[in-house]
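The first chain written gets the first letter, and so on, giving A, B, C, D and E; residue counts start at 1 in each chain.
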Amino acid sequence: ETNLKVFVTSQGQPAIWRTLLDQYEARNPGIKVSIELGGTTSDMQAQYLNTVLTAKDSSLDVLMLDVIRPAQFAAAGWTSPVASDMSSYLRAYAEANTIDGKVVALPAFADSMFLYYRKDLLDKYGLQPPKTWDELADAAKKVADGEKNPNLQGLSFQGKAIEGAVCTFLVPYWSQGKVVTKDGKLDFDREAATKSLALWKGFADSGVAKKNIAEVATDDTRKEFQAGNVLFAVNWAYAWAMSQDAESAVVGKVGVARLPAVKGGEQATCLGGWEWGVSAFSKHQDEAKKLVEYLSSPEVSKYMAINGSLLPTYGKLYKDADVTKAVPWFADAQAIVETAKPRPVTPRYNEVSEAIRTTVNAVLAGATTPADGAAQIEARLKRIIR
Amino acid sequence: MASVSLRKLEKSYGAFRVVKAIDLEIMDGEFVVLVGPSGCGKSTTLRMIAGLERISGGEIRIGDRVVNDLPPRERDIAMVFQDYALYPHKTVRQNMGFSLKVRGANAADADNKIRDAAEMLGITHLLDRRPGQLSGGQRQRVAMGRAIVRRPQVFLFDEPLSNLDAKLRGQVRTEIKRLHQTIGTTIVYVTHDQVEAMTLADRIVILRGGDIEQIGTPDQVYNHPASVFVGGFVGAPSMNFAKARTTQGYLDFADGNRLPLAGLAGAKLSVADERELIVGIRPEHFMPLRSDVGLNSQVQVVEPLGSDTLVHFAVGGATLTARLPPELRPKAGEAIKLGLDPAKIHLFDPETERALQ
Amino acid sequence: MSTAVASTFDQALSGKPLRAIAAFILIVNGLFPALWILLTSFKTEAELTQKPITWLPHAATLRNYIQAFSDQPLLTFLFNSFMVALLSTALTLLVSVLAAYALARLNLRFRGLIMSVIIAVSTFPLVTLLVPLFETMRALNLLNSWTALVLPYTVLSLPVCTLVLTSFFEGIPRDLENAAMIDGCTRFGALFRVVVPLSAPGVFTAGILAFVNAWDEFLLALSFNSNPGLRTLPVGIQLYQGEFAFPWPVISAALVVGIVPVAILIVIFQERVVSGLTTGGVKG
Amino acid sequence: MTTTSTFKSEADRSLARRRWLSRWSDPDDTTLAVMLLAPAAILLSVMIVYPVSRLIYTSFLDLSLTSGLPARFAGLANFRQMPDDPVFWQATWNTVLITLITVPGSLFVGFALALLANLPFRMKWPVRLSLLIPWALPLSFAGLIFGWFFHSEYGVVNDVLNRIGLPSVIWFNSPRLAFAAICLAIIWKASSFMAMIILAGLQTIPRSLYEAADVDGAGRVRQFLEITLPLLKPTIVVALIFRTITALQTFDIPYMMTGGGPGTETTTLAMYIHQNTVSFLDLGYGSALAVVMFGLSMLVTALYLRMIRGNEAAS
Amino acid sequence: MASVSLRKLEKSYGAFRVVKAIDLEIMDGEFVVLVGPSGCGKSTTLRMIAGLERISGGEIRIGDRVVNDLPPRERDIAMVFQDYALYPHKTVRQNMGFSLKVRGANAADADNKIRDAAEMLGITHLLDRRPGQLSGGQRQRVAMGRAIVRRPQVFLFDEPLSNLDAKLRGQVRTEIKRLHQTIGTTIVYVTHDQVEAMTLADRIVILRGGDIEQIGTPDQVYNHPASVFVGGFVGAPSMNFAKARTTQGYLDFADGNRLPLAGLAGAKLSVADERELIVGIRPEHFMPLRSDVGLNSQVQVVEPLGSDTLVHFAVGGATLTARLPPELRPKAGEAIKLGLDPAKIHLFDPETERALQ
């Protein structure tokens, strides 16, 4: 009998995973799977996994990882590659999990950044969801002028030095058709970066966003939006369900759309989600790989979409009747998720992230100018990605 | 220098009244000695005068100020604490100099005063030690020194010499007396030593359970004790007491011993009176066989002190002690006849225990 | 005149107004954040994003508490934290009392060196020791047990407790200990029956330090005890967060539940342990 | 004859047993010292010696887990890297500054609190509780709560400012204000530690010494300077040593309040170490930084210990 | 019960020798009193016997065991500390019962013993207080009580009665004597009180600066002091000393006063000897005008003690003190003629300061 231990984030709805694992156990006699719950935030899990894996501990077999981590874990030699065909997954996940041609992890569920908007207010002023940031600013002004509600913000996004700020930076950057790395090499465009930073700073300065946007973290955006104080909000998928629950002030008034583009650019968004990896220190490599394949399978993805409201990692599932019946808004989500881009895939992603998020925060706080900020990011990235 | 007056001064700990509304006027420059049994409230009284103990009632005046609510440092007093209360982290010199330093005295001047006091107390060689490195008596002398370097309005001494040997005690006592005579500061002094009380005091105050039992000059207190308590308390060895009856011009003791009433100290007892009495006789007033007035008894215990011999014997159911010359050494069990001067006998009322006039 | 002024001032300093002001400052300073958490724990999440902010909850609700207890096994967290903290406090006190006694009373030749080593131990940041400590615990086969936390917490608090106790023991008159030895105590007896009770404020302080150190610690608890049944409060409370969401009211409720036992403990101990001390033991 | 000899040998045996027992219960000073220090020594070496030596060893390795390369001995390379690392300087400077501000700050505040708490209150426990609660509030939550207090919109600090007619301040937009807020939070949290230790020290000073000083004419200030301070000195030094060490290790409060921002303006050395080891997985460099921090702490400790020893020599 | 013997017992603090190789054999059941000036090493000696102070040299035996390295609790001693050393956190009852409890005594039994001791010391009503709530004398009695509840082999008392009043002191002294007589425990007792020393001691040991100056029975020590130091130290008021010369059968003082040599105490001085001497006279051996051998002088100071009068006067450059009956009250400045019994005069060698045989 083989005992496998799966590390799952507490936030990943372990109870539902458990039902799937029971099913797996039933199908594979001789395999017992137990769940080890990690902390709820990505940071806390990394904290724990880093300790355990640096110590080469073999107690965990399968790991649930934030989408930004597979590259780092693979480089550290903490995960074993899995042989798999990635073509049926959403393209971005194939990219995020393939390092140097090797598949190091398989997608568990998807996520991405959306533009949440107040359908009721846009309707009231006869506006469409904006396609560009300029449109968004105009719309915000119009609504603000009309509503005369000092508490109503035009736009809320993440300016605090958290992971979300990396996406904040990347979204307009990408929208200008630029990338951060190409074939593992740095390919940084300082001008686009300056523009991206200036865009956000401009929102703060012009009053579309709050003055204290540098203080805003993901959940602040969600809370304020949910309290009815925000017209447009940049946020992950989790905000949807919460915006529709009993405490929310905006039930039925919320729409989701793709994030706008910079003028002349294309709409882009940031990819989130979680992956399944096999611990390199697992004593049951083959069994673990098999389990991972199962957990990443369309069957499981669909089950989780229906029962756990988790975005599927397979494009086709977004149109699946069972899924759209259970979570109708997924139909709108597909287009968005499909255009999502993974954040730079590099083993030193944490350093990249650190360089970007602190600078975004500093620019929004007014401690640095967008141009200086862009230069700083470039300088630091040059040292990280050679 | 200042007078100290206590008016209806009270102190209670919870329901326990330690000092019971005492009245005491101490004149400017007077040397008052407080005596009384252990626990009678002597230290408490001193501490109230010093301002260390909140008073529960009454009034304290120093000079013409009511000081009830004044903190100790504004009362301008110096005090020797019964438990010394030396500063453990300061040297002897610093301990003694602290009050001067605090009052901003000139350093050289302070040093002189410390040196003088240390010399007087024989602790000059200890000036740089800390209290932890001193013997008990040395600590006490430092505590004493700390008080006398100052020239306060009032000195409060709480058994300042109890840990010193007789010789040193005699010396320091003389010095204190001289100090008092030169600077004339008011002094309130607690002691258990009879010699200190008798030689130093202008007046002695006898406390008993928080009450004043008698106030008087040493002479008054010794020779005219107001009560059995005072008689028994002042003087060492203590005054002897025995019950007796007056009958037909005699004092009759239960065991048949009798003394003629005539000549008894201020005895305003008429021969006809027939009453119970307490008779008080000081040990030093017994004389071996030299008077026709005498008591017959048997020696119980003999204690040779060198300078004297104490002989204990029973009369009228009580054990009496006689202080006899050292060369007399009767044996226990021997019969003894002791004379005494009738004029030296004290008489007390058996009920009130107060002296009969 | 000047003395009169001085004495008025003095009375002000020793009298009731000062005490009232002192109490006010102390209580506001110490309790305000805790109080804020308490108030928050009765608010709804929406109320937190109201402007201007509210102090008292508009519609006080116990929902957060219900949620705190139903979402996570809060009592288990509490129990684990309590046991781990209690055990490590006991162990810390025992070990540091012994060491402090040696440092305070025996004329050790290498006293300075020993002190330095003890202090040095606490100067390594915990983060950097995490992995090797994990390996140590694994080697000792202690992972996922109270012991896995009790031991490192003890080590964590040992230096500060030892030094605090040392400075206290130095203040106890030696004759009291001498008296105990004459009365028939061994040195250990004298230590535990006389020196320790007399240093009650110090022991109490050291105990609180050790207890709170253990009660608060997060990193080791997170890494060494991954078994949910062994989670301690600080780790447990983090579980109320979502990946992004930070539900202040529920977390506040959990925090309140976490602080209350400590508060009760403090109150009990301070009344029992610290009050009895009086002077009057020796002359000096 | 026989009976006496048995008696004797029995007595001998019991004497021997007593001696053996007494070796354990009343050992000479050296043995006693060893016995007393042994538990601490064992615990410390088991729990600390191996980890610390691992740490020091690692500091000489080129060991970055994200590089995908195996560990390699690198000599002093990790240390040589530091002078060129601007974040290192910034973090070190911030750490030193935090130490220089919050150690005296918490000492003064803590001392004041302890003195206040030492007043004869009728009900002691509320005072005692308010002294201890800050200490009992987990560090990371203290950071969160203070971060929240200083929040520009939902923070109670700005609310109070508004109420007294002052404009809101965006604390975390300004490096200086953010730094000030952090120091305030640290002082708040740490002063209760100081106050606790000092209060305990205050309680062991015999009242009679104050009485004597009072009689000697010393006012409250004088009593404080001449009695309280000198007698508290050992306690204060102990508190200072540990406060300084913890100040040098400041992590949670800035981590939770500002995350080191804006930029790296409020990053501390401990945060940077944490970042390098836990986040960047550059164990070699992280360990080297830890060693530097350890050096810094030891330096400070040595200074303090000299203070204590100077004190002892004087007595 | 056990003998105590000190052999070449030494104690130094750094370079300072506090106790200098003293030899003392205390027999089983003996009551030895240590006296000596403050700081001479009495407490240190007691503490070494108790095992509280590491000895710097020599040997201590209790019974037939060398106890040099034995911890205090195995020496089976009880001690009253000069500074009391009461446990401030325990009540009086607990203070007194602690040793019994530690030794695992039966609780009821212990309670009886505590009650007995408390009664004897008059502190029964204080049993539930803590030391901080007691007066100085009460604390001292508790310290005393703590020692006597036990029945150890040796009692060590360090000035156990110094804070008690004369009356109480007399009572407790008697109790100690009775205790010693009933249970016969060996006792080493430090006191400054002459009466205690004289009445309690089987032998008195006079220490001086860490050395033993004389060991002897009270009688020997008082009546045959081995040196000027002992003569001056034992007895209160102290023995008087004056320089004199022997010339032609007389003792000549510098001021012309002279005493006939014949009849001088054990005077083996031949009439022809002409030498310097120190003459020692105890205050109580002066008699007013009743002897033909006498000294003429002028009264300097008069101290009436009640039981006696002390008269200070100058002879041969020294100030002498006479203890006279209380009814005599000469005035300062008056001429005075005092007689004395030549047999009571002590003679000392002026160089060695030792008594002449």
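Following the convention adopted for this analysis, a contact is a pair of C-beta atoms (placed from the backbone, for glycine too) under 8 Å apart; a residue touches a chain by one contact, two chains touch by 3 or more.
Because the structure is predicted, anything quoted here is derived from the model rather than measured.
S.K.: Does C-D or A-D have the larger number of C-beta pairs in contact?
M.R.: C-D
S.K.: Can you tell me which chain lies farthest from chain E, using the average of the Cα atoms as each chain's centre?
M.R.: In terms of C-alpha centroids, the chain at the greatest distance from chain E is A.
S.K.: Distance between chain A and chain D based on Cα centroids, please, to the nearest Å.
M.R.: It comes to 39 Å between the two C-alpha centres.
S.K.: Using mean CA coordinates as chain centres, what's the chain B-chain D distance in Å?
M.R.: Once rounded, the distance between the two centres reads 57 Å.
S.K.: Measuring centre to centre with CA averages, how many angstrom lie between chain B and chain C?
M.R.: Here chain B and chain C have centroids separated by 54 Å.
S.K.: Which parts of chain D, given as residue numbers and ranges, touch two or more other chains?
M.R.: 25-26, 153, 206, 208, 231, 278, 283
S.K.: Provide the list of chain E residues touching at least two other chains, using ranges where the numbers run on.
M.R.: 71, 73, 82-83, 133-134
S.K.: Would you give the residues of chain C that are in contact with at least 2 other chains, written as numbers and ranges?
M.R.: Residue numbers touching two or more other chains: 10, 48-49, 51, 131, 135, 186-187, 277, 279-280, 282-284.
S.K.: Inside the complex, what are the residues of chain A that reach chain C?
M.R.: Contact set of chain A toward chain C: 9-11, 36-42, 44, 47-48, 51-52, 54-55, 57, 151, 164, 217-219, 222-224, 226-227, 229, 236, 238, 242, 247, 249.
S.K.: Which bits of chain C are touching chain B when the two form their complex?
M.R.: Touching chain B from chain C are residues 3, 6-7, 10-11, 280, 282-284.
S.K.: Spell out the part of chain E that touches chain C in their complex, as residue ranges.
M.R.: It is residues 47, 50-52, 71-73, 77-79, 81-89, 98-99, 102-103, 130-134, 139, 146 of chain E that touch chain C.
S.K.: Flag every residue of chain D that touches chain C in the complex, lowest number first.
M.R.: Per the stated touch rule, the residues are 25-26, 29, 32-33, 35-37, 39-40, 43-44, 46-48, 50-52, 54-55, 113, 116-117, 119-121, 124-142, 145-146, 148-149, 153-156, 159, 162, 188, 192-193, 196-197, 199-201, 203-204, 206-208, 220, 231, 234-235, 237-239, 241-242, 245, 248-249, 251, 270, 273-274, 277-278, 283, 286-287, 290, 293-294, 297-298, 301-302, 305, 308-309.
S.K.: Touching chain C in the complex: which residues of chain B?
M.R.: It comes out as residues 69-71, 74, 82-86, 88, 131-132, 136, 139.
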